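Multiple structures are listed underneath, in structure tokens.
First chain A sits with chain B, and in the next complex the same chain sits with chain C.
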Partner chain A sequence: MSLLNAALRRLFDLLLYPFQSLPAAVGLTVVSLLAAIGMLWAFKKTSNQAGIEAAKRRIYAGVFEIRLFNDSFRQIWRAQAAILRANLTYLRHQLKPMLFILPPLVLAVAQLQFQYAYAPPAAGSRTVLEATLAPGWESGGVETSPSGKPRAELVLPAGLVAETPALWIPSERTLTWRLRVEQPGDQTIAVRIGGRLYEKSLDGARPLERRSPVRPGRSWLDQLVYPAEPPLPADGALERVSVDLAPAEVALPGWTVREMVGVPAWMTVFFLLSILFAFALRKRFGVTF
Partner chain B sequence: MRPDRRPRLVRAPAAALLAGSLTLAVALTLAGCGDTGDARVASRSVVILGFDGLDHELTGKLIAEGRLPNFARLAEANGLGKLGTSVPPQSPVAWSDFITGSDAGVHGIFDFVHRDPKTMLPYLSTSRVVADPDAGEPWTLGDCQIPVDGGQMELLRHGTPFWEKLERAGVETTVMRMPANFPPSGSATRELSGMGTPDVLGTYGTFTFYTSELFYDDSKISGGGEAVEAWAEDGIVSTELIGPDNPFTKAKTKATAPFQVHLDPDEPVAKLVVGDEERILKVGEWSDWVPVSLDLGTCGKLLMTPSIPAIARFYLKSVEPEFELYVSPLNLDPANPVMPISTPPDFAAELAETTGPFYTQGMPEDTKAFEGDVLGRDQFLEQVRIAHDEMVVQYQRLLADWRGGLLFLYFGAADLTQHTMMETLDPSHPRFDPEVSPKYADVIPRTYALFDEFLGYVLEHAPEDALVVVMSDHGFTSWRRAFALNTWLWRNGYLAVRDPQSALDAKLFGAVDWSETRAYGLGINGLYLNLQGREKEGVVPASERLRLMQELKEKLLAEIDPATGRPAITQVFLREETYVDGGHREIGPDLVIGYAKGTRGSSASALGELEEEVLSDNTEEWPGDHLMDPDAVPGVLLTNRPLVRPAPTLRELHWSILAEFGVADDRAPN
Partner chain C sequence: MPFVSSTETPRREWRLPLLGLLLALAAATPAEAYVGPGAGIALLSSVGVLLVTLLLAFLSILAWPFRALWRLLTGKKTAAPWARRFISVGLDGQDPRLTERLMAEGKLPNLKKLAEQGCYHRIRTTYPSMTPVAWSSYSTGVNPGKHNIFDFLDRDRKTYLPVLSSAEIGNVDRFLRLGRWKIPLAKPEIRLLRKSRPFWSILGDYRIWSTVLRMPITFPPDRFYGAELSAMSVPDLLGSQGTFLLFTTRRSDAKFKEGGQRVELAGGPDRFETSLRGPENIFRVGDPPLEIPMTIELDRAAGRARVRIDGEEHLLEPRQLTGWVALEFKAAPTVKVRGITRMMVTELGEHFSLYLSPINLDPESPAMPISHPSYYSTYMAKKVGPYSTLGLAEDTWALNEKVTDDATFLRQSYDIDAERQEMFFAALEKLDRGSLVCVFDGTDRIQHMFWRYLEEGHPAGAGRESTAHRDAIEQVYRHNDALVGKVMAKLRREDVLVVVSDHGFTSFRRGVNLNAWLLANGYLALKPGCDGSNEWLRDVDWSRTRAYAQGLTGIFLNLAGREGEGIVQPGAEAQALRKELIGKLSGLRDEERREVGIHQVYDAHQVYDGPYLVNAPDLIVGYNHGYRVSWDCATGVVAGPLFEDNVKAWSGDHCVDPNLVPGVFFCNHAIDKQDPSLLDIAPTVLRLFGIEAPAHMDGKPLFEKPPATLNAGPARAGGRESRAA
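Take a look at the complex of A and B:
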């Protein structure tokens, strides 16, 4: 997983490099167009186009039948049953191309999430850094205070200031600091604990670059969800390190898209544009869906 | 109203209002008063900076010391004007005078509190909840109930606001935090309600103090705060924020929001967890605004209103040896207010969206927490500064978007800092502490300097042709001596008690024998006769009223303070001689007491209590005041060019503002 993520990180860094200094909407438009083209191509290659056409025709026929024989209950019920069967057939024909399209799309979305979902930390803003200790950390050579609090040191680059001492919550195995961003930049925060350094990036030099709220541990699921940074060492005292990042907005002409009910702004824009491009290009690709 | 003319601050849709979550919704229409209006489209721009409690004498002194360079610019150009205040010089009365251009006989606000003569109980003078008398019982379903009528907030100030007259003449008005304007009048293009706006509980601000101290004496915070016991178990304090009554349960329950505070075992730092919100706080730090959802339980969920939105600020006072956490009054969430606080209704949400959440309660400065020692002097000052800074950010934004018309911006910091810190400028004050007071002697001048700084910003950013008006509702002075009016009435045979032994312990006239009482005091400046046919147990015949009023006036004016050798009272106003008969004069006191400069009615007497002494030193944590003879506490008037119509008083200023826009009114006084 980590090798795949490393390769994808490089690919997307390269792909999005020309858009780093441009408004997010520009890069998203290009990415949505490429995604629409990719999905159309994959759909055409992997779907039963004739079957889809036939299923759609049967649905149209059923609807037409209901309109024609609207005074006959029997005919209406029969037409509705035919529409239902055709719908199921249609969905079955969609399933196969989705199996080909979804896995790369999920990986791409995971990468795009960390390029577009989070705003760069602004000067004067605050964030919270949380280091979660691994289960069984007590036996890992981590020094503790008399109260049982693990001794940890925060190593901060210039431009970041810790406003609080470490807060230890034993039930959550977390050490938490509140940080203030004095000078945004591509920064690396390090937590020294048990004689080792654990790093977490906090990049804010450019509007568009990889930013992740979590540096994951060895958990496969964590790595799938947070692929933007390499995982922490498996034998370390820390299980994960996270920072709070503010959600980013996407400014379109006449519409500033914001995070809504947990859906990041970029995702709204990406899916809207992808669908629009796919509809616009479907005839050129000779695809029906 | 002209929705097409309202510039919006943001394009994003405003947060949806929480439908039916509380009892309150207002559609208030103020009756027109027959002014002619002027059909010409106004072209002038007027910015009014309303600084509550800015004192004329102190302003002059600080100008002379060079502390207020922008005030000095205006004073040099047009003089430092004295602005005559209201009778009595209390903020709701004074601002209502300015708003309506009339006195209390018209607008009906005579004091912070009025009394119902049928029950002899006081009530807040500026707004009330009005229940629908035709509403039936709530519908019930198991343990739940559906209120049939939630009641409506009613603004008790009458008269026509100057902005309504301007709007009728086509002038766009923005009125920010005007006191005595809750619920908002609805007649400005944009307005945000100010002094008088309650918290979520419906009070003028009730903070909560969470403490692990056993036997904490909560009497010292009663009336302004609640104390809640809170202990840490395994380093976690689990408790809850307490909201208003849950309207959806038959049983008396409260809407609440659980929260936890995780304490570090070694360091003075904690994590606050309220719902999905988390904050890391060191001891001695304020949080930013934390959104709070007060849970309305299963009944609320069934009725599609699961919670009441609010916002709160937290101050971690201590973790060792005692856990002490101050939580601000639960303010209405401006993004989703459950009571009307702005015109248009989504204006508050737009402000919150562009400049962040803000104090919505009318008087954000938590003097009650300061008086009760929950907030120390420095913490209180920090809180005052937070509230002030929120206003400045908002006002700067409004100014940037302003396209002319009238812009009124209110600031309250001077009033509250002078109320609480005035002894720092007065070594003869009974509370002056030579060790502590001098350290804070610059607090009030600094507050004035903050205003000066904002005035400088306005002068720089307002359109060149804009008229800039700096005004205050009243001045300020040191309050050294307290006059117990009810005790004076008792000692002089006008007020009788049933049992002299227990008279000093009773509250709200509990000791008074009404059958033998001819007069009583309520509110700081109000003196009422116990009149037959008006008061519940009135004994004074109407034919005796004027004679008794005159007698009381003469005796009160003859009262000498033995500590100073000077009169304790310098003016007594008879109702009929002071107020016009504008339809609401009958609400007011029969006499209004104008205490000598430095003397004020005692707080206990204002709420119907009796005390040992008539005159005593003021030892309250409230060393400054203005509820005295109006001539002793004039306000300030400064302008960047001469007014078309001079304004020697607050009431006159109303007409002067209209005149600046060329809006005529046949009823304007000469």
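Take a look at the complex of A and C:
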């Protein structure tokens, strides 16, 4: 997973490099177009086009029947049942191509999430740094204070200031600091614990840049979800390090898209644009959905 | 079964790991919010469809009591109906002599069973025994003098040029000009010229549903309580009654005489850039034809052609007819004219030729009104897939011109029949109460083109390709019998099934050029210097012409006050001339063959009555078996012999004396009237549903009382379906 993520990080950094200094909407438009093209190609190769076409025809026929035989209860219900059956068939036909399309798409989305989902920390803004210790840390040679709090040292770059000492929450195994950003830039925060240094990046030099709220541990799922930074060492005292990042907005002409019900703004834009592109290009690809 | 599992296993191997991976991915936070464009569309449209259809169903059910109340208050009342469903299977041109012979030989078991269960009769056809005339009388219950259809063609009274008898398609003359573009400010008016009311329209007054599928002379469609899909007279996309296209490398100045266009392919030898010409673009000044670029690449080694039309690629092998190919002509931004065609490479050797069937209006999005309600053709296309919409759907002209072959024609005909059967059974399944009428044309078309196989010594026998199609006509009769069997299996206790043909069939060995006879006998004169070889009577000197033949059976007097340059005075002079012509032409002999060519000539005033008698030909020529109007005469050529051999594939016909070619009539109940006529069907249907036939109808109901076999009493007017007996 680490190797795959490393490769994907390089690929997406390269792909999005031309758009780093442009508004997010530009890069997202290109990415949505590429996603739509990829999806159409895969959909064409893996779907039962004739089956989808037939199911759609039956659905349309059912709709016409409801209108045509609107004096007959019996025909209306029969048409409704036929539509339901055709709809289920339609969904069944969609399943197979989705099985092929979703895995690469999710990997790509996971990468894009860390390019577009978070705003760069602004000067004067605050963030919370949280270091989660690995289960069984006590036996890992981590020194503790008499109260049982692990001894940890925060190593901050010049543009960041710790406003609080570390707050220890034993039940969650977390050490928490509040930080203030004095000078945004591509910065690396380090936590020294148990004699080792654990780093977490906090990049803010450019508007479009890979930034992740979490540096994951070695868990497969964590790495899949947070691929933007290499995982923490497996034998270390820390399980993950995270910072609070503000959600980014995407400015479209006449519409600033913000995070809605937990869905990042970029994803809304990506979803809409990729659907639009897929619709617009479906005939050229000879695809019906 | 081990083979099955061994082949299936590898295909399914991917499923489990992939499913696992998908589930794992679905747990990822970003994936929770994002399902991708494809899945998004699938989900959105599925949910959308369900919501819309539920809403539609809800609204329909909500409105139902109001509609029912409205019907109760405003609807006409019927007497107790005798039947719940009337189902009519029209077999165009099914001949009684052939039917009776094949039934006797045990080759039509279902029809025989139907006859034994109910009845079988020969049925009288109309004057003339021609599809548009006969089915119009079937529909309306009146003679042609009341429904105004006398032939396939009529004539323009001023110019004497032929016009379609059944529909008039107007032009748009008001446009908004915007540079090279012009926006039509009105729709072209399309008028059905058939008069009187078909029985389904009268049933509709009583809120009795009818579905009418491909009944001739229903273009534009009738508006009534029910659904109708137009047939005969529906043009192709070029506006003609069927123009096939032949793209060919063969050089020829000759034009196809019947319904075809030749397009010479330039360039080559293995790649050709050309275009497919469609209808005129009325959105552009000058009305240039709409075109779709077409590229043809020949792979001679593989023996196939790659044809690219409108971005779609088709790999064609010689003599393999494609399915329907959709064509989209772009007339203006957002305005597209859609058609469908079938293609076939007819030669791929030294020369290359590609046949395209007439471009039918796309039923999903027709450029003209071909159904009622307007979305019915779309509904049927969704239900059964694309289907032919052209009035005369089977491409007889291409076979006549030897562009296609017998096997291709049969394939076309049976494919069209299969489309029709699908539509018919889809409609039958939806019919709870009311009538369903459908006409199957295959019998007519196949008999027209394959009679030469049936008859030894037929002049067109030389055109027989092999003995493979010797039984083509018998096969289509058996095919019809199987269809009837399928229908019978779906009958319910209160159903009336009628299997009927509009006329019979006979041989067409010799053509008669009536205009040549009229010229030879001094009734028709030519302009000085003309030899009569120009089509559409262009060589005729009307100032010296008293009578002329036009259409397939009609002779018109050049009547003063009616025709543009008429010279025969109405009244006594006209009557005397009619009598004189009848006397001379009835029994006209073909001395070369020592046979009678014309059996009987009928005076229109004797066989018709009604307000449209004035539009009828003055005389109806009833040819003998084996004779018909010649190809030249039918196209208005005066020159040539009086009698000549017919050597075309079109070797059988029915445009003869109607008394020689009655139709067939089967019913699943015995009828009370002997010697039934096509005119009797409409009043019969009305009576079955408790409606008295209007006084103007000429036909009489075939049932005097409810048939004893029909549920022994009145059918229930509503409620649940009765079970099949």
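Keep this in mind: the second predicted complex is superposed on the first by the 289 of 289 C-alpha atoms of A that agree within 3 Å, B and C clash if a C-alpha of one lies under 4 Å from a C-alpha of the other, contacts with A are read in each partner's own complex, and residues count from 1 in each chain.
Simple rule for what comes next: a residue touches a chain if its C-beta (ideal position, glycine included) is under 8 Å from a C-beta of that chain, and two chains touch if they have at least 3 such contacts.
What you see is a predicted model; the values in this text were computed from it and never measured.
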Query raised in the report: Between chain B and chain C, positioned on chain A by superposition, is the outcome a clash or a fit?
Result: fit
Query raised in the report: So, A:Gly262: does it touch chain B (first), chain C (second), both, or neither?
Result: second
Requested in this report: Based on the superposed arrangement, let me know which partner A:Ser72 touches: chain B (first), chain C (second), both, or neither?
Outcome: second
Requested in this report: May I ask for the angle at the C-alpha centre of chain A between those of chain B and chain C, rounded to a multiple of 10 degrees?
Outcome: 110
Query raised in the report: Is A:Leu167 touching the first partner chain B, the second partner chain C, both, or neither of them?
Result: first
Query - Comparison of chain B and chain C by chain A residues contacted - result: C
Query raised in the report: For A:Lys149, is the partner it touches chain B (first), chain C (second), both, or none of the two (neither)?
Result: first
**Report entry** Which of chain B and chain C A:Leu221 touches, first, second, both or neither
**Finding:** second
Query raised in the report: After superposition on the shared chain, which partner residues are touched by A:Gln113: those of chain B (first), chain C (second), both, or neither?
Result: second
Query raised in the report: Which partner does A:Ile83 contact after superposing on A: first (chain B), second (chain C), both, neither?
Result: second
Query - Superposition-derived minimum Cα distance between chain C and chain B (Å) - result: 18
Report summary line: Residue overlap on chain A between the chain B interface and the chain C interface none
Query raised in the report: Quick one: in the complex, what on chain C touches chain A?
Result: 15, 18-19, 21-22, 24-25, 27-31, 33-42, 45-46, 49-50, 52-54, 56-57, 60-61, 63-64, 67, 207, 209, 227, 311-312, 373, 375-376, 378-379, 382-383, 385, 430, 432
**Report entry** Touching residues (chain side chain A, partner chain B) in the complex
**Finding:** 128, 145, 147-149, 163-171, 176-178, 254-256, 258
Query raised in the report: Which of the residues in chain A end up touching chain C in this complex?
Result: 35-36, 39, 43, 57-77, 79-80, 83-84, 87, 90-91, 94, 97-103, 105-106, 109-110, 113, 221, 224-225, 262-264, 267, 270-271, 274-275, 277-279, 283-284, 286, 289
Query raised in the report: Across the complex, what residues on chain B touch chain A?
Result: 11-12, 234-236, 262, 264-267, 269-271, 278, 280-282
